Amino acid sequence: MNAPINSGDTAWVLISTALVLMMTPALAFFYGGMVRKKNILSTLNLSFVMMALIGVQWVLFGYSLAFGKSQGGLIGGLNYLGFANVGETPNTDYAPTIPHLAFAAYQMMFAVITPALISGAFVERVRFKAYVIFSLLWATLVYSPVAHWVWAVGGFIRNLGALDFAGGTVVHITAGLSALAFALAIRKRRHFGNTAFEPHNIPFTVLGAGLLWAGWFGFNGGSALAANGLAVQAIVNSNSAAAAAALVWMLIAWRENKPSVLGIVTGAVVGLVAITPAAGFVTPLSAMAIGAIAAPISYYAIKLRHKFGLDESLDVMACHGTGGLWGAIATGIFASKAINPAGADGLLYGNGQLLVAQILGAVIAGAFAFGVTFTLAKVLQATVGLSVDERSEEVGLDISEHGERAYA
Amino acid sequence: MNAPINSGDTAWVLISTALVLMMTPALAFFYGGMVRKKNILSTLNLSFVMMALIGVQWVLFGYSLAFGKSQGGLIGGLNYLGFANVGETPNTDYAPTIPHLAFAAYQMMFAVITPALISGAFVERVRFKAYVIFSLLWATLVYSPVAHWVWAVGGFIRNLGALDFAGGTVVHITAGLSALAFALAIRKRRHFGNTAFEPHNIPFTVLGAGLLWAGWFGFNGGSALAANGLAVQAIVNSNSAAAAAALVWMLIAWRENKPSVLGIVTGAVVGLVAITPAAGFVTPLSAMAIGAIAAPISYYAIKLRHKFGLDESLDVMACHGTGGLWGAIATGIFASKAINPAGADGLLYGNGQLLVAQILGAVIAGAFAFGVTFTLAKVLQATVGLSVDERSEEVGLDISEHGERAYA
Amino acid sequence: MNAPINSGDTAWVLISTALVLMMTPALAFFYGGMVRKKNILSTLNLSFVMMALIGVQWVLFGYSLAFGKSQGGLIGGLNYLGFANVGETPNTDYAPTIPHLAFAAYQMMFAVITPALISGAFVERVRFKAYVIFSLLWATLVYSPVAHWVWAVGGFIRNLGALDFAGGTVVHITAGLSALAFALAIRKRRHFGNTAFEPHNIPFTVLGAGLLWAGWFGFNGGSALAANGLAVQAIVNSNSAAAAAALVWMLIAWRENKPSVLGIVTGAVVGLVAITPAAGFVTPLSAMAIGAIAAPISYYAIKLRHKFGLDESLDVMACHGTGGLWGAIATGIFASKAINPAGADGLLYGNGQLLVAQILGAVIAGAFAFGVTFTLAKVLQATVGLSVDERSEEVGLDISEHGERAYA
Amino acid sequence: MKKIEAIFREEKLNDVKQALYNIGVYGMNVVEVRGHGRQGGIELIGRSGTYKVDLLPRIQMNIILSDHNLQKVIDTICEAARTGNKGDGIIFVYPVEDVIRIRTGERGKQALSYEGDIDTRKK
Amino acid sequence: MKKIEAIFREEKLNDVKQALYNIGVYGMNVVEVRGHGRQGGIELIGRSGTYKVDLLPRIQMNIILSDHNLQKVIDTICEAARTGNKGDGIIFVYPVEDVIRIRTGERGKQALSYEGDIDTRKK
Amino acid sequence: MKKIEAIFREEKLNDVKQALYNIGVYGMNVVEVRGHGRQGGIELIGRSGTYKVDLLPRIQMNIILSDHNLQKVIDTICEAARTGNKGDGIIFVYPVEDVIRIRTGERGKQALSYEGDIDTRKK
């Protein structure tokens, strides 16, 4: 007997799917505003093209590897290849009140945006060809497995008892650590360290941040997979964390100097990252605390990155990596069964075990993402080449990789 | 016994929440396009930062002051501090079919955008510090009380029988009159009156207007607090009023000279403002009339403002203030119980009393907002200072207040 | 006895309405990025103003002509003038679980965007006055009739057995063929063929494409008129076709030269166009095939248009016309009753009849749109004049038609 | 050698450029300036009503050329850029002391020669 | 005839322009440049921390005028553009060989006269 | 005193600027121009197929300097800006009659001195 489809839940998951889809172009603008004029189209495209590439990959086999029948908790089976057996009947393992296809489509949008997030590490010099190959492999070798471990029935990190409501580990930790690994493998931009790379259009970044914030309601709220109280909790928590993080970031910067708008919107995004794993497990006041603490962590992580002279260009590690790590830990501290009985209590509610599982899960996923990415990057470097030659870089990737000029 | 949660209604209110949230960055761009290049980040931020500031304030105490247990019809009690007692169970006073938390979150977005609206009055010269303090106080001393009077059970304007479907009085009249008061308190921009301040990026304004129009479906449609016929009515009315107002604005401008695109999109926004209080009470044809009449009112109000030599820079009073006032009056004229039995009949349907209540409510709220704002502004002027010094103004607020340049 | 209203379905159709509304400003930016700086406001407005003009026209009589009681299968009757009789009760002919008004509002957004699509044919030289008159007449004489033929109960193309899930014929074929006809009637832009008209802001085009993609989930998914499995199918298919088309476009361009970002996003839009009629009738893998084949068709259609020296400026025919035609045919090939029992089987499933009906429907609608448009354009040319004089064109339409400059 | 600085309406760029190519003048560069002259300003339309702007967009085209081509180029530009309305613009002529090609190191007149240019044609 | 190239702070454009109108100088054009001089650069704020930019936005205003008005115009600009802080800018003076009005074909000084301008006023 | 107008590829700005700082040349300003010369144009990629653009973006760098530094600066720019491909650009040299610092009122060579600059170093 099939569980009946609930139209309200379906409506909510569908619109959440659209919201999360929109986050990829939003990210494109968030990133694009921060690069130089000669690389804006290239940077926009590094995000945009994931909607195409992973949009195909996910249907063909990405979903099956992530959510197909578990092969020993390590990877999904091939039973959903080409969305076979993914139809209008619910998959009761994950979302008993909506069509299975809706779950698969919603999950697709997470798979799409994650490699796009990584692209911030190597903008303004990456070879487009290498990026296409890399992200296809990454989606297959990192994203699908980690999604399986953390979210799939039988996944081994899930079995550790680790919680990840909406992708703190699956999306942000993997993206952050992979960005770090890639940045260590690829050469720096010319003049990095000597010349300031001024963001060419900060309003684009603000636009991106505004759309990301709204989209995150679908990212975190939709992860309830139903239009219920839990979805509302997740949204309120997301907003609270974003607001608190933006405020705190502003205050830190103000004390030091002046509050840059780029900083304020970055703070908001960092807050959203940090609350992602916890969104459905904590109270709004805990969410505020999580956001408020995330801000200084990322703020100083960026400074540290500069100190190390590492050209991880748009600070994916500092924003998504450390934000995601803190979120995983914070879930272990602030989670409360009073909010979500399907979750667990955290340290603050007297249970230390969750925190251990959280850290374990985060470290395993992060280390795996780092290792595979570094290997992939090195192999690509030795074969197709990771970065364009210096002259092409100076001319700009818009011209050299795409034969275009953004503005005339 | 609790009312059951309806998933369709919840889905609708959640997505409306996201839509209204998105209106704040949309407003940022609507405003940002109209200022000079050197103030674009500052202007964007005056809106954006409200998502952070009021996002925290509303959870901590703003919501409680607005919708907590009424203290004599004047202000809400402290029973919802920190969203205590605001959970997944419906608050049957306001929205019996969705989680109380969803109602509170939805209302938050209105509280966020209202002070952002006011910022149009003093862009390009306001001291950021003064603005942060002002808006925090304003949200607490003006927004929460007026929301309570108009919408809360027991609120004294509500008890007068005045109707405000989606915030004509609570949002637009308070914003407009506060903008007027603030503009009277703060000094003009240098060269105001002698030099034209050309909008630096009208496409941004068009983008903002487009997103505002879509967002308004959540603003007015979501105010039904359910995915029902009333929500549909509100959306159809909103669209009709916006369309009619934009058309009429275009025609007036055309007769005078040429139809500017800035004028057309302004007309659309003015139509949306005017229909806001009436959206759930009138027919689509009445909505068209309301929009069509709103256009000349605001059109000539802008001219008048110029005549007075008042630097209410982006015409918040002319667009939101007079638009909101006309909307309140129009509700008293066009409202029909045939559309919404929970409403009342207006003048056109033989009942003059509603009109009286409407005017009374609008005048009280407007006068209160004006008075408190003027006082706050004067106090801030005497203490932290309302505006930056003239040299900083000439350099531009992006550099002087935020240490940034928008474009490179 | 009335069918009961389903809140989930209503929520889905309402949010789809908002999404499709948003597609019009999205289109404005998609187009606006491709014109020269001096015509950006004009181009944005050609789309934006349709929200105003058709927003009024549809309520007054457009809807009635399209979906009013059929007059011999050719046109709707006047029973819905001014949205009379269009209320909160469902219209069981079309959408039995949502308010009739929601159906009418949702349909409005299609009527709004279709003439906006055509505007790509004659940007940078069209007389605004002529455009306003043209689009009003076009909506009345082409859009409403064709919508009636294809979608209305009793419509003669519908009775042929032709399928059009979300407007491949009604929207894209009519727009494409009308664009072609108009381009043949209006003069070319000065210097066309000698000088390159470089797109002035490709990021705007990417922004537009990103929002169009998300909006299309409402366009195609909403056409299920319920939050059910069919809506999900339509969304998954839309995404699959868009992704495949963008990828294939990229690969073709890459083999020839370099993959331009403008090409990639164009590919995505073309994929979405092609899947529109088929979205609710085919499998995701068929959808991918449809998108993949659409890409080269449009790619070479653009080349052909250049060869003919035709100034159909933004390739509405090549993208929407041929994309729509291919979509109509593809529906006749790939449709499967297994996906949608209310549909029909296509050639691939052993039924050749559907293909015949599809081609017949497409040809009739296309020829009709072409003929009426060409006639209208010629009449307008002889009366108010289709294009501005050459000096005004050189100065740019922003200044000459609207008295504005976009950027300062 | 001389430098010509021709300031004219934006919308005339294509026409002027084409006219110069036609007579074999290929070396040039252009920049967008805003200027004020006998034409006082223009009225633009705002949200409601108009406002005046007094710096108007113009193209400044710079051409460095040999003395003997000066008059012909001036005449060509004047013809292509003229509309007859106030605001058509103005041409300035400056002395140039030296010219150096970065790529080839050529100097002086030699550096100002282009394949198929006005001087080649004369021959 | 001379050409003045005055490079000064963006934010002084209005003041300089107004000062020049006041003394009857109407012919001018401006362009946005980025410059470096005695002022080394400025600090901008990034996401976290600051970074230094060494080319700063300046307005370059070009005025072609008769020799006898040179000093007065220089003085006027200096006064209106000065803040006293490093980075105020610099004025260059060049010789001009000829001036041609595109619309009227006027040449030389004649071409540099404007209704109600500094020379008319003197009379 | 002379004015150097060096027109070169956008992407060389950093290199040229750095090379000039290295020899102690600090006073300069740059503006983005679009130019045409021996390099006819470039092909850009559109939606489908290519199209040709004939005005290419270049940086124009203006340096006003004392006569005795002229050759060294020209050499430095040439070296830093050269790629060897068509389109590398061109340098023009003009006479300058006067220079005035807005802030200090210094005139002439005095106005062209910078702390630690090429002339100080020579000593």
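Each chain carries a letter (A, B, C, D, E and F) given by its place in the written order, and its residues are counted from 1.
Here, contacts are C-beta pairs under 8 Å (C-beta built on N, C-alpha and C of every residue); 3 or more make two chains touch, one makes a residue touch a chain.
Keep in mind the model is a prediction, meaning the values are calculated, not measured.
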Given over half shared residue numbers means same and under half means different, the chain A/chain B interface is different
Higher-contact pair (C-beta pairs counted), C-F versus B-E:
C-F
Whole-Å separation of chain centres (CA-atom averages), chain A against chain E
51
Quick one: report the Å distance separating chain D from chain E, using the average Cα coordinate of each chain.
20
At what distance in angstrom does the C-alpha mean of chain C lie from that of chain A?
33
Where in chain C do residues touch two or more other chains at once?
6-9, 11-12, 15, 19, 198, 201, 207, 227, 257-260, 262, 402-405
What parts of chain E, by residue number, touch at least two of the other chains?
31, 44-45, 50, 83, 94-95
Based on which chains touch which, is the overall arrangement a line, ring, star, complete graph, or other?
other
All chain pairs satisfying the touch rule are A-B, A-C, A-E, A-F, B-C, B-D, B-E, C-D, C-F, D-E, D-F, E-F
Per the touch rule, the chain B residues reaching chain C in their complex are 6-9, 11-12, 15, 19, 36-37, 198-203, 206-207, 209-211, 213-214, 217-218, 221, 226-233, 235-236, 239-240, 242-244, 246-247, 250, 257-262, 264-265, 267-268, 283-285, 288
What does chain F use to touch chain D in their complex?
2, 6-8, 31-38, 54-55, 58, 60, 74, 77-78, 81-95
Spell out the residues on chain C that touch chain F in their complex, using ranges where they run on.
196, 198, 253, 256-260, 262-263, 266, 298-300, 302-303, 306, 315
Please output the residues of chain A touching chain C within their complex, sorted ascending.
5-12, 14-15, 17-19, 21-22, 24-26, 28-29, 32, 40-42, 44-45, 48-49, 51-56, 59, 82-83, 87-88, 98-99, 101-102, 104-105, 108, 128, 201, 204, 227, 398, 401-408
If we count contacts the way the header does, which residues on chain E are in touch with chain D in the complex?
3, 17, 26-31, 62, 64, 94-103, 105, 111, 114-115
